[in-house]
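Pasting the structures in now, so scroll down.
After this come two complexes, each holding subunit A, first together with subunit B and then together with subunit C.
And now, the complex of A and B:
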């Protein structure tokens, strides 16, 4: 088990280094570099040389690369070319916003998704089941950014004053209005994922209900309630956990879109503006952050299997699983 | 030389009974295809000025007009066509790379070519691809880029990036279908009579593995439409003046609070029709295969 974890962590580090290298060289190869963005129109050659020197862009590529990795290893993410502030400072300011929206969306939609899925499976083929199925297909098909647009139109034009349709209030400033500004972004961000959770749980509970051990439990006279909570749900939660993990992946692309619609100053909004302004260090840092979150989420899900599924744990102990 | 195929003829599965939901999905897909493929023929030019700025939907302009006085039905229909073509091209590009990779990996199941291909694909899959696509286009710009002698337009870049994102999934499906197929007796027979490996893979395995892969690929068109519109919405995909469902919505963001609800609602509904259609048909196919496996 420990060896497996070690191997996975090493693999994760390797992928990160590949990502970083790719990111670095793509940035340097890009046309319309940071100097152009920084200087504006028609700079003099002297001015250009000066700025290039200041950013270290006049050194050989491999020196820049070594420096880049070295700085990264020491936790120095450089300065934003655009605002001239330390990148780590900008991220420290923006990341909590994204995390808050994501966490609220995650908790809310996991609960709703699990409840709806379990209920639909329990009342299989009933009217409620059909209703949940139809709603969840539509919910998972709705493009999150369009849902966000619709919410902005509804709450900005027609239902005014209930919830803010745009902007962000930091928690430290005004906790109540902070919570109000989280509601719509979180709702739009997690809806699709909630639907996928509901569908997965429903499908795997129905699958589990067909197994011999459930029939056996029933034959032994266990009550339906005990079968549902102790057997069906516990077995069905394993595939659902995978989906919940993948959900974090969809959140990453989701926050980019949602934050831009609701004008929420998180990592997603930063990433788009950094690309537009050719702000190399900030763009690299944002890509790094999102890639790491994605990779770590995948790792956590894989490890979660051990906790959820005693069979895999047992397989590891007696060496039948890799 | 014409080589007749020796692989056994498959039983054609009976048409499964389709549920109401599946039929709804088919209907929605037909609706979307009509809009995308037939709509542009009946609509005015997507760039023509109508003389009315932000007109509400009505008899003259079914979907209203936009801030540049353009008819939104014409733009939405043309946008749907562009989005569909980009999605199909992206899926096609993914298939062109993924199917050979999956065939080779499956043929050598468990040996080093398989390991090499699958590990590479895992690395690709480990990246959040939307962020990667955004990154590549953000860096190379939304204009044309030179890649050696080839000029890549913004549209081509979107197609290629979508395709790259799909490769791991398509390759996996191809590989698992191939793994089953190579166990068949006729493959052993071909090996014994000395048919070259290349011909076994390209001639026999390919034809037999392709159908399930194509079904999967078809369903991914919906995902591709969604991904394209998300990129274009951020201004990183299809570039104006060419409309796509995503960039129409991107333009609409500046006008939604001026009361022009139709500008953002209607093109989004078109995306929704397509994605719900693909998902419902996908569910139906899944149920049919599930039932097939059980009886």
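And now, the complex of A and C:
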């Protein structure tokens, strides 16, 4: 088990290095560059050379890459080309915002999704079931950025003063208003994920309800409520956990759109401006963060699967799976 | 003759004079399908005494499993009991509320499922599932006694394992330990409990069930399509065809003197009765659509069928110690 985790973590590090290398070269291959973005139109050649030197861009590409790897290994992410602040400082400021929105969205929509799915499966073919199914299809079909725009319009123009439609209040400054400013972005971010979770759980619960082991438990006189909690949910949660993990991945791309629409100063917003300005160190650092979050989330889901599914666990323990 | 008394002959009632434990009268079950309603079980009547084993035999789709499921009132959503009466120890099972029925399940009417490999939850250790169904298992002696009773003493220290870590035979014995030995129900329903097991394990399980009958005194309805199995275990045998119980007789009687043309054809189709090289006999035609026929369902495939057979479903008649649903029963066919 520990060896497995160790191997997976080593694998993650390798994937990260590959991703960062790709981003490093793609950024430099892209037309335009930080110098143009920094100096604006028609700079003099002398000014250009000076800025290029300051950014370290006058050195050969392989030297830049070697320096980048060296700095990365020592934990130095460099300074932003534009604000001249340490990139780690910017990340430390922006990441908690994104994490807060994502975490709230995740918790809220996982709970809603699981509850709706379980309820729909339990009351299969009832009005409530039909309602949940229709709503979830609609929720799945709505692009999150469109929903975000609608929410901005509704809460910005028509229903004023209930929830802030734009902007961000840090938690340390004003916890209450911080919570209020999380609501709409989190809602828009996780809606689709909630719908998929609900549909997956419903389908796998209905599947489980048809199994021999549920029939046998019923034939032994077990009550429907106990069957639901001990057997149906316990087995139906296994495929659902996989889906929940995959949904985490959609959150990462989702924050890019959501943060820009709601003007939330998180990683998603930072990544867009960093790439637009060719702010190499900041763009790389944002990539590092999002890729790490994604990979770690996947690892956690795999480990969770290991906990939930005894077959897989046994495979590891007796060595038939590696 | 009134339907309720039709089956009141020697073979339908118990051999002893006591009132039967289970009394099924004119049971009818209908399935709603896309092509309309299909009668899966029609006019099935039988009695079962305490300590007696009744075998129900028939081919796939003959309704034998549906009868069992109706007895536990666990029919699928698209099936419905449309007529009949099921008396169990003085209670009308079909009139019970679901909660009342649930109290009978397991404790008084047990079930051994057809597929032991998939009948325990795959996500929970076996030992914990045993405790779900049986009280007092924390006492190690009780657990040892229970597992020893089904010849599973060797797995006592493996109960924290999951179902997939056990063999089919072990799981079936484990389920028998729970459903029969642990719960000690008055009535045990066994739905082809040996079909997924290999031959040696099959024999072990049958022996175990017979032993339990003698030890616990439970009555059993044993469903199978295997005549060899059913002859070993049953006191009486009911033969089902297209949803009807066409013949019911004591085991010896049925094998020595089958009265219904279908029973006769079925016995003639047992391979063991033929010498090497002699072609096996089969029953011509298929059972398809037979449960919708107006007359006797077997008439289209029956060598002895007369015009009446195609028009009118025969009333069950007593011939010797057998009950036979055939217009020509008792004739020398």
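The rule we apply is simple: the second predicted complex is superposed on the first by the 321 of 322 C-alpha atoms of A that agree within 3 Å, B and C clash if a C-alpha of one lies under 4 Å from a C-alpha of the other, contacts with A are read in each partner's own complex, and residues count from 1 in each chain.
Keep this in mind: contacts are C-beta pairs under 8 Å (C-beta built on N, C-alpha and C of every residue); 3 or more make two chains touch, one makes a residue touch a chain.
Just so it is clear, the model here is predicted, and its values are computed rather than measured.
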Which partner, once the models are overlaid, touches more of subunit A's residues, subunit C or subunit B? B
Touching partner for A:238 - first (subunit B), second (subunit C), both, neither: second
Kindly classify A:288 by the partners it touches after superposition: subunit B alone (first), subunit C alone (second), both, or neither? neither
With the two complexes superposed on chain A, say which partner A:296 touches: subunit B (first), subunit C (second), both, or neither. neither
Who does A:249 touch here: subunit B (first), subunit C (second), both, or neither? first
Based on the superposed arrangement, let me know which partner A:211 touches: subunit B (first), subunit C (second), both, or neither? second
I'd like to know which partner A:221 touches here: subunit B for first, subunit C for second, both or neither. second
Seen from subunit B, its contact residues with subunit A in the complex are 21, 123, 126-128, 130-131, 134-136, 138-141, 145, 222, 226, 229-230, 233-234, 236, 249, 252-253, 256-257, 259, 261, 264-265, 268, 271-272, 275-276, 278-280, 283
For the subunit A and subunit C complex, residues of the former touching the latter: 211-213, 215-223, 226, 230-231, 234-235, 238, 308-311, 314
Give the list of subunit C residues in touch with subunit A in this complex. 72, 74, 102-107, 110-111, 113-115, 118-125, 132-133, 162, 164-165, 175, 178-179, 183
Quick check on the complex: what are the subunit A residues that touch subunit B? 12, 15, 18-19, 23, 26-27, 29-32, 133-134, 137-138, 140-143, 145-146, 149-150, 152-153, 156-157, 249, 252-253, 256-257, 260-261, 271-272, 275-276, 283, 287, 290-291, 294-295, 298
